[in-house]
Structure formats: structure tokens, C-alpha cells
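Supplied in C-alpha cells, the structure appears directly below.
As written, the chains take the letters A, B, C and D, and residue 1 is the first residue of each chain.
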Amino acid sequence: MTGAASRINLASDNVVGASAQVLDAIVRANADAEPSYGADRYCAQAEAALAELFERPLQVCLTATGTAANALALAALCPPWGAVLCHAESHILEDECGAPEFYSGGAKLIGIPGVAGKITPAGLTDALARLSPGVARSVQPAALSLSQVTEAGTLYSLDELQALTALARQHGLRCHLDGSRYANAMVALDCSAAAMSWQAGFDAITFGATKNGALACEAVLMFDPALAASLPFQRKRAGHTLSKSRLLGAQMAAYLQDGHWRDNALHANAMAARLAAALAAVPGVRLPWPTQANEVFAVVPAALDARWREAGIVCAGWSSCGLPEGFAIAAEQRFLRFVTSYATTQGQLAALEGV
Amino acid sequence: MTGAASRINLASDNVVGASAQVLDAIVRANADAEPSYGADRYCAQAEAALAELFERPLQVCLTATGTAANALALAALCPPWGAVLCHAESHILEDECGAPEFYSGGAKLIGIPGVAGKITPAGLTDALARLSPGVARSVQPAALSLSQVTEAGTLYSLDELQALTALARQHGLRCHLDGSRYANAMVALDCSAAAMSWQAGFDAITFGATKNGALACEAVLMFDPALAASLPFQRKRAGHTLSKSRLLGAQMAAYLQDGHWRDNALHANAMAARLAAALAAVPGVRLPWPTQANEVFAVVPAALDARWREAGIVCAGWSSCGLPEGFAIAAEQRFLRFVTSYATTQGQLAALEGV
Amino acid sequence: MTGAASRINLASDNVVGASAQVLDAIVRANADAEPSYGADRYCAQAEAALAELFERPLQVCLTATGTAANALALAALCPPWGAVLCHAESHILEDECGAPEFYSGGAKLIGIPGVAGKITPAGLTDALARLSPGVARSVQPAALSLSQVTEAGTLYSLDELQALTALARQHGLRCHLDGSRYANAMVALDCSAAAMSWQAGFDAITFGATKNGALACEAVLMFDPALAASLPFQRKRAGHTLSKSRLLGAQMAAYLQDGHWRDNALHANAMAARLAAALAAVPGVRLPWPTQANEVFAVVPAALDARWREAGIVCAGWSSCGLPEGFAIAAEQRFLRFVTSYATTQGQLAALEGV
Amino acid sequence: MTGAASRINLASDNVVGASAQVLDAIVRANADAEPSYGADRYCAQAEAALAELFERPLQVCLTATGTAANALALAALCPPWGAVLCHAESHILEDECGAPEFYSGGAKLIGIPGVAGKITPAGLTDALARLSPGVARSVQPAALSLSQVTEAGTLYSLDELQALTALARQHGLRCHLDGSRYANAMVALDCSAAAMSWQAGFDAITFGATKNGALACEAVLMFDPALAASLPFQRKRAGHTLSKSRLLGAQMAAYLQDGHWRDNALHANAMAARLAAALAAVPGVRLPWPTQANEVFAVVPAALDARWREAGIVCAGWSSCGLPEGFAIAAEQRFLRFVTSYATTQGQLAALEGV
């Protein structure tokens, strides 16, 4: 093989297509006439499957992207004059071109620093101390948004999540979880979907499928009909209500069927664990924090990075601003991210490890 | 067959799935690793094919919905304090839950009445006369948006389009065409893509594929890089930049290959012509205006509507507010819309006509 | 006299300065140190006086302009995906450059036609029939906004107001009254402030003072603390929370003291009544509707308009689009508006009548 | 004296009313009929005086508040998907309840830390390094906003201003100066208005008058008609176009006449210098940075603070987050801000010093 197809691309878990199971579902759902704009039978199946997975009634809003799902969720939790507290390197703050600001009508995202992509209660307390609830000159503390898996590929324990949401609730905040890699986190923590969402104090979840086997499908999940009442209108006016909505319903239904999400996530995480172990054994390679899901971050010699490039292995250079103190990157070093997916093969990793 | 699948659904051209050619393209594009966020090879193919179809360089912004495409285009043409002039029954005004207002930061859409879904130069002149260019209390006339095919299923001739855009330009307006059924209009007018867009005075086109064979794919097309400069950022912050963007690229590339768009549109229009002729021959049925593309509007006896329903034939009740003067709907009558598509069969129409 | 000062300016009731009583209050409030941002004693006085005038507790939000007050009120009543129903020639729709859209995050204002600036129940019913509550493609009916005095200088009776708000409430709408000339309407109807506001079914009032003796002071009044909770934050982020807030508080307190608002409004209305009677007696002059407050609309021979101009008498040309059917304006005629104020003198009117 | 009037209030320079000269101007401008909405003669005088002070043609947009002026200016410089870089403790970021986000349609403000309220070129470079120009996931670097006088009461030298704007321009940023205390800065630097604005590389200035003698008057000043073209419309739809606009014009014209702004600022600064010297001589009092304009920041024993309170002396507790490293505040200490104004008297300071 030559060209793009020959490469081993670990730049992200969004560089591969859909899994066979999801792709088949798209094809099978294509045949008949279906009502449009979410009234098709596949969306209904997806909603039922999500309610089953999360073990309770919930409000579901399917979208084609995680940015849309995050922004819709945050706009439901935060007024235009509100503040969303989040990690200083979070995706909603750094990588969505201001989508939460757009959807919320101009809310302010306040970044909280923290090692390995994680907010601590102390960090949250400090950030809250700078705001003045009830005082009109200050944006009003409205929501906490955590990422699980974090931008650093790390995980909050369930206890850590609960401690943060409890603290947030004491200050009147609503809580959102950006779960673009929700399945990877669940299998790593070996917990239920309920335990990592409403039982952990969250009002809204961005439940991702795209990175773990779907082609373009995410869901906003909310647990209070009153809070979620705006979602259908906000989604429509954002242009995220697909006319041939079966495309979304079929993906999500297939993703949830027979534990497909779990199989994919277990595989991706296992591949990352293998890769992390292999990299850690390479002289001159340092891993700044543990690999807990499907992302491996490593400081590597520039020469090794160059050899990988020559071999057609693609990974992503990463910003060093989130590294722990004392973890300096020398001039002849590179800070890289590798992301494994449901589609990563042992053979690909062996090839990488053999360079 | 039973259930939804057995029905003859002519409620819209968005109740059917993708055509076989488009669906195959989605499947074929799924295999390899591809760069994400629009950098894949399929998006490149789609852009090249659009440039060829429109016979000139252009800016392309693919989205999954027409609402997003319309709103992105209008936001690029109209400032928050601007006015978009459009037909009083247009989709952007009545059916997108305020998407243009959202994307533009609060621009005002001004509806212009007109028979059979069409704006006339006199109607446009009247609407412009109520605005005060340069006067701060007045929203500023910024854009004209026409729909081709119109909400009434009718067509502007190329001369009519040019007359309206010329008038608009004399008043400093930018011009947008909502072409969710662009292909149906093109084959009905037997004109080139260029003739109905930039040669007719338009700055931005919403080029639809979803209703004519794609699953979820539309394009904003613009002909001036400076005007289009905001699109990538606006699209991203609206959450419409798909990570696995091959989904969009593959659909549009397949839709444009080998005149697939043309074949589909010719078929849909021919089905509508057959249906219109058949309905016009039914005693007590009246067609308020000619059927020019793939939509048939008819006033029918309520009893006939009821028989169709019993037979599992689905069409859409329609608002009578756009009917020509003197075209009253009696109590025992219904005003209905039938939309044919690439997938409508002679057998379906025969069944309908036989009720 | 020469220049601007010599002219008799009836173009609007905002061309004159503050009344002596209001101006004195500004000067007297200037002396001492006062807490800023609304915590001064004058704002407290104004709030107390408003509660007394309206005979109940209420939420007060002072602003320097009516546009800000209207937009703040509407944004509190209408979500971004909502619709505000209002008269087709209303100030909020035609003369505020999209302020309600800006403040509400993109809500849609829907104009309802009606003779003499007034909405009828039938007109409101028609407009509501075009919206689809609960259906995501449609903006959601959220608020009715009436103007009292209307843009045509006419008045709704209390019964008419109640009929419209009752109808609106049946459809789940909140109700707003744009009362930039609230005092002129009150004295014309000889009713209490309560009767024309919360007793008539309104949730929010724009209570104007600027046109009737203040220099720059309006108030949003609301009668439900929950609905009004956003006002302090929204006002601050709109830049309408004056630091030296005594400027607003002193004006409003003086305006309400000893019935000053009433004296001013009675005078202005009496001047308009005199002018209307005088104009009606002039051959060739037609008044399209009764003069009910402080505005006189008249179709006059162009030659008379020219003579007034020469004499330094200033009034405003007006749009003829709101005229009753059959009230054509010939080429040698002009449609004019004259607005009297607290400062209009018998001498000025005598001069005008003598031209 | 009793009550509020007896207190020595140094909490801010906005707790006093207008200077006698400005108040007289308001009274004098009240007499005659004047065109409204900015067309009055006083606004024209103000614009001419500003052009003279800044020694060039410019675009002027008068407002009643600094928040409105800042937000209008930033919205003219920064698109909704842009970033405004500013100091981490700046007023636009911390004290305007998200006004810049509101006016800009959701732009992001990025706080840059810096000692004594000042941004350094290194800090600006670091912040820019985190953004990705031309990459759609990143908000786009659009504007630098500096405060002069800073939130810490300190000053940038002209060289420092120029170094920062030059660096910003190399990265394609527009430059804004929040000059709510512009006059205080000018007289402290003994420079011309031109030198601290367009000659220093700024595109837009918020030129404050309220804190230095006006009652409610600020100006957005811009030096490029194309950049400023949106201001009239944006101001109108924000509700900041006063109908009786003479109120703004008269204040600004009086403020600029005969160097009134200069006299007031020289006095306020001299009072602050006296106060700073006096405080520095008190045992146990520490000043974290030099007093350069009309604000004095000091760490004082809590007991002294208590005695001042008893004596009716009002100052403001201040956030310690901007203090230099090593400048810890002990439990029995307070960090306070004192602001002098045109109205501060030697007697007031003597009283304070005598406590």
C-alpha cells in the first residue's frame, strides 16, 4: 500500500472511519421511508438504549459533533451572564473556536490550571473566590464542566468527580461532563454509566460515540426535563436537527447494541496500555503521567520522532503548557500524543515499536 | 410489508435515505485512516467537483444540514444590525427556528409577500422603501435571499433572478440563494450551475444534496474569498466541522459524479409532473400554480385525503396563507403538498392515482 | 431670536430639555458623595415612588434610554428562540436597529398589521396561527408587546388592553407594554398606573420619563421577582448601569414627585388637542385618526408644509404605510406628525396656526 | 454634617457628582429645542474639541458609561470568533459582567498575568503562542486591550505602550486602550493626547470623563472611518443613543473646555501623591507599587482600617491576587484602595491622616 492508506495514524481516534457494526447499521437504516427531524424509529431505539444504559429516564439530544453537544449542554446550564469553570487546557476552552460562547450568548469560560488535565477542589475554590455571586459587575458562577477522559488522557476517580460536583453544587453551579471518550473512561474505571453521570452529580453529559466507533454521532444527555426544555429549539436553530435523522439514530443504536461501545473501548485502552509500556521502556523516553485510557503522552528524542515520520507513523505534537513542574522539554526533544482506537491493531503497534 | 415501510410517503423529499451511489461512497470512504476536520481526500474531491460544476474557483463549506448552510451563508453576508429580505413564507423565515438570527448575531429577516412563493421587483422595492440606509434607528438593508425551488415548488426564471439581484445590488445588498433543491431547479430550467448562481448575481449559494440523494450533506458556496473568510471559524464554533469529515466529502463527491445529481433531479421532477397531471384530472382537485420541479400543491376534497390516509399514503397538509387571492379553501377541502424524490416510483404514483 | 432656538420644534417630544423640576433635582443630587452603581439614595427614592404609584411591590431597572428599557424587558420575557408579537409599525420593530434581537440573543419580532397603530384580537389570533408551539422548526410564541401611546398617537382602552393580554395569556405569552408615553396615556384614560399595567395583565412595563420632562430616564418595571432576576446582570453587561447612578435616580424621583408627571402630561395632551382642532379646521387638512394623547397626525397640502418650514416650524414627515385604507396621499400632499410636550406653549401653537 | 454627606469617601472616583463646570454646562444646554439622537449642537462641539485635543480627524461615539464604550470599541475590533488579550485583572475581564462578550457576539477575553496591573511583552508573547492563527479550532487573535491608568493605578510609559502595540501589530492584532482615567494618565506622563493614543499604535480609545468631572460621559474614539463604521448602528441597538443627546455633548464639551480635564486630573493626582506619601510614613503600612496617578493601594493594619471606618472614611477592600510575589497579606492586615478625584480636598486628607 502507498499514500495515506499505508500510514499508521495515531494522531487521534477520529482519523479512522466507523466500525463495521456501526457502518452496517447506517446501511441497513437507509432502505425505507422514515419520518424526518428525529421522528424516525432509529432515534427512538437510540433513546431507549441510552435510558437503559444510564438506568433511568433521560433527555437525549443527538448531534453530529461533540462541539455541538458540548455547546448545547453548556447553553442549557449557563445564562449569557454566567461563567463556566473548566480546566485551563480543556477542549471547550481551547479547541472549539468559542462554541460555548456562541451557543450561550456570550458566557465566559474560566480556565482552572491543574496537573495532568485535572481540576482539584483547591483550584475550583480559588476560581470561585474570584467571582462575586449576586454582584452585577461579575459574571455569575453557573456551571462546572469536567472532561472525562481529560485532555491529558487521564481520569478522575468516581470519588474525585463527586468531590468536585459536590463543591460546585454548594456554590449553586450546575455540572457538565464532556465525555467525548465516555466509554473509554467507563471501562477504565470499570463503573456503570450511571455511576459516572447522574450518580456522580452531573446535570448534563456529552456522551461521545464518534471517537469510539461511530462516524458522526454524539449525544447530550440530561436528567431534568425542565433543564432540557430548550434543547430541541436550540438544536434546531443551530442547524443540528438532521432531516434524515436516521443517520444519527442508527449510529447510536448500533453503538449501544450488545456492548459494542464496551468492546471498542476495551480494545482501544488495551492498545494504549501496550504502547505506553513499550514507550516507557525506550531509553530517553519519558511519560509525564500514567496512561489511563486510550491516549499516551510522551517526551521523546527528536531523532526517534523523525524516524517514526519516515516510517509513515503519524502522531500529534502537543502543547507542553500542561506538563508537571520540572518536566522540561529540551531542544532535541518532542512532546507527543498517540491515540489508539477500536481500529488500532497489534501489528501497527509492533511496527511502531520496531522503528 | 407492514408499518412505516409499507407506506407511500410523499410528505417530503427528506423521508427517504441516500441513493445507492451515495451510500456506496460512504461505505467505500470508511476504510482507511484519513486526516480529520476537512483535511481528508474526499472533501478535496468534493471541492474540486463543485468548482468544475460551477465553472470557476469558489469557496466551499460543507455542512450536514441546510439550516446550517443557510445560516452560515447569511451570517457571512449580513451584520448583526442588518436586514435580510426574503419571501414571507421562506424556509429561513418560517422553518428554521431563528437560525439566521442566531448565526448572524441578531439580524432581522423581513418577509416580502408574493404569490406562488415568489418575490417580485415591486415587492422588493416596497420592502426596501421601509428601511433607511445609513440611519441608525433602522436595521440596515444587507442581503436578499431567494429560494430556488421556492417554498411553493415554483421557479424563478433566470431573467427573474437577474432582475431581482440587479435591483438588490443597486441598493447595496448582497444576494443569497437557498438552493436546497438546486438540482431540481437546474434541470427544470435546463441551465448550468453557473447560470443560476454567480452569473445570475449571487454571492452565496446553499447547494443542497440531502433532498436529492445524499443522506446529510449541503454546501455553502461563495465566490469571493474575502466574503467567505469567516466561514471556517463560524462553522467550527457552530459545531458543524465534522471530525470524520469524510462523511460529508464522500457524499458530495458521489453526488456530483457522473451527473448523479442530474439523473436524480430529472427523475424526481418527472414523477412530480406525472402526479400533477393525474391530480389535475381528478374532479374537485385544483392546483393553485404550475408544478415546475418536484413538488405538487393541490386543493383536494377532504374525502379523497381521507382515502389516501387509509391507503397509507402520506403527504403534508400545508398552510393556505400563500395561496393566490380568490383561491379559498372550503371546510370540506384540504390544501396538500406532495414531494417526489429520486426514489419515487411509477408504481407508487399508480397506487396513489388508483385510490 | 435666531438659529435653532428660534424655531418651534414639534418634531418630537424629545427635542426639548428637562423640565425645571427635573433639572433642579439633577443639580441638587450632585453635591455629596454617594455610593455608585445604583446604591445611591436617589435610586432608592425612585424605586419607592414607583412602588407607590403602581400600588404594589415591583422590580425596577432604571436606564437612560427607552430602547434599552424595551430590550431589557423583552429579553427577560422571551428566549432566543422565541417570538415577540407586536404591531407592524411599532418602535421596537422599526426604530431600534434590532435592539430586542440583540438583547434577547436573536429572538424574532413578528409585526401584526392594524389600523391607527393598534393590534386587534383578530390580528393577534392570525399571527399566532402561523406559529407552532412545541414544534422545533418554529420560533416559539413567547411575548406580546403593545405600545401605549401607540406609534400613531392613539390609545388602547383598558378593555382593549385586557382583551389582548387575556388572549395572549391563553397562548402562554408574557405581556409587555412599551410606555414611553405612559403618563400621556394615563391622563388621557384617566386611570391609575396599576390599572394600565399589572391589573391589565402585563408582566413588564417600559415606563418612560424622558419624553415627558426628564432628560434621560426610563424604567423597566416588572411584577415578578423571578422573571426580573436577570435584569441587573443583563443591564450591567449592556453597559446601562451608570456609575454615578444618582443621575437616573434623581430624575425619576423628581418626575414622580407631587404629580409632576401628571401635570406635564396633561399639558402636553391639551396642547395636542388644541393643535388637532386647529388643524382639522384648515381647508385641505385631514386627520386620519383621533388625537388621543400628545401626537397629531395630519395630511396637509404641501404648500402649507412649505410655509411652516419657512416660518421655522419643525415637524416630522411620516410614513404613510399605516394609514387607513382609502386614505391616499396625493402628490401635492404631505403626511406629518406633530408632537407636543410639557414645554409646548400656547404662543407656539398660535404662531403655527397663524402661518 | 450627618449621614452619607459627612463621610470622606475615597472608594472610587465615581462616588462624587459632576464638577461645577460640567454641571453648569448641563444646565445651560437644557434651555432650547435641539435635534435629538446626536444631531444637537453640543455633540458637534464635543466632537470638534476631541479632534482638536487629539490633533487629527477621528470618529467619536459618546456613551453614558465606560462599560458601553469599552464593549462598543472591542466589538468593532474583534469578530465573534476572535480573542481579546488583556490583563488578567482588567476591568473588561473582571468587572463588566461579560459586556465585551455580549457586544462582540461571544468573543473570548484572554487574561495575561502581570505585576502591578501591567502586561509585559513576554506575557503577551506567551499568550499569543497558545493561539493558532488561521486554524479553525482556535479563537483567532484579534485585539490587544490595555488599561491606562491600569487596574492597579499604575502607568505604562509611552515606550512600553508602543512596544506592546508594535508586538501586537506584528501578530495582526488591533489595539484598544481603556482610558477611563485617560486624563489622569496624560498629566502624569505629561504627554499629549495624541502621543498616548494613535501615535502609540492604538486603533480605538475609551476616553473617560465620568471619573474626572463629568456625570455620565465617555467616548469611543477611533482613527479609521472603516473600522468605526459599525459604531452608530451598534450603539443604537445597544440602546446607548440618547434621544436628548445634548446631555452627553454638553458634558464632554465642558470637560474639554479650557483644559478643565487637565486641571481636574492634576488635582486628583496631587491628592493621591499626598496620600501615598502620608500612608508610606505610617508604621506597618506597605505600598505594593508606586502611586502614579490618582489611586493609592496599601496594605494596612486591620486596626487602622477599623479606625478609619469609625471615622466615616470609606475606601475599598481590594483583591490581593495581583500583588507582587512575596507580598503576603497577614490575617490582621487589609489590602485597600483609595481613589482621589477632582473633588478630594486637602481637608479630607488631613482628616484621614489624623485618624
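The rule is simple: a residue touches a chain if its C-beta (ideal position, glycine included) is under 8 Å from a C-beta of that chain, and two chains touch if they have at least 3 such contacts.
Because the structure is predicted, anything quoted here is derived from the model rather than measured.
Between A-C and A-B, more C-beta contact pairs are found at A-B. Each chain gets a centre from the mean of its Cα atoms; the one farthest from the centre of chain D is B. Taking each chain's centre as the average of its CA atoms, chain B and chain C sit 41 Å apart. Note on chain placement: the centre of chain A and the centre of chain C lie 51 Å apart, centres being C-alpha means. Here the spacing of chain A and chain B, counted between their Cα centres, is 34 Å.
Residue positions 80-81, 96-98, 101-102, 105-106, 136-137, 233, 236-237, 241 of chain C are each in touch with at least two other chains. Those residues of chain C lying in contact with chain D across their complex are 4-5, 7-9, 11-12, 14-18, 23, 26-27, 29-36, 41, 63-71, 96-99, 101-102, 210-211, 215-216, 233, 236-244, 246-247, 314. Within the complex formed with chain C, the residues of chain A that make contact are 37, 79-81, 105-106, 136-137, 140, 230, 232-237, 241. By the touch criterion given at the top, residues 80-81, 94-98, 101-102, 104-109, 130, 136-139, 319, 321 of chain D touch chain A in their complex.
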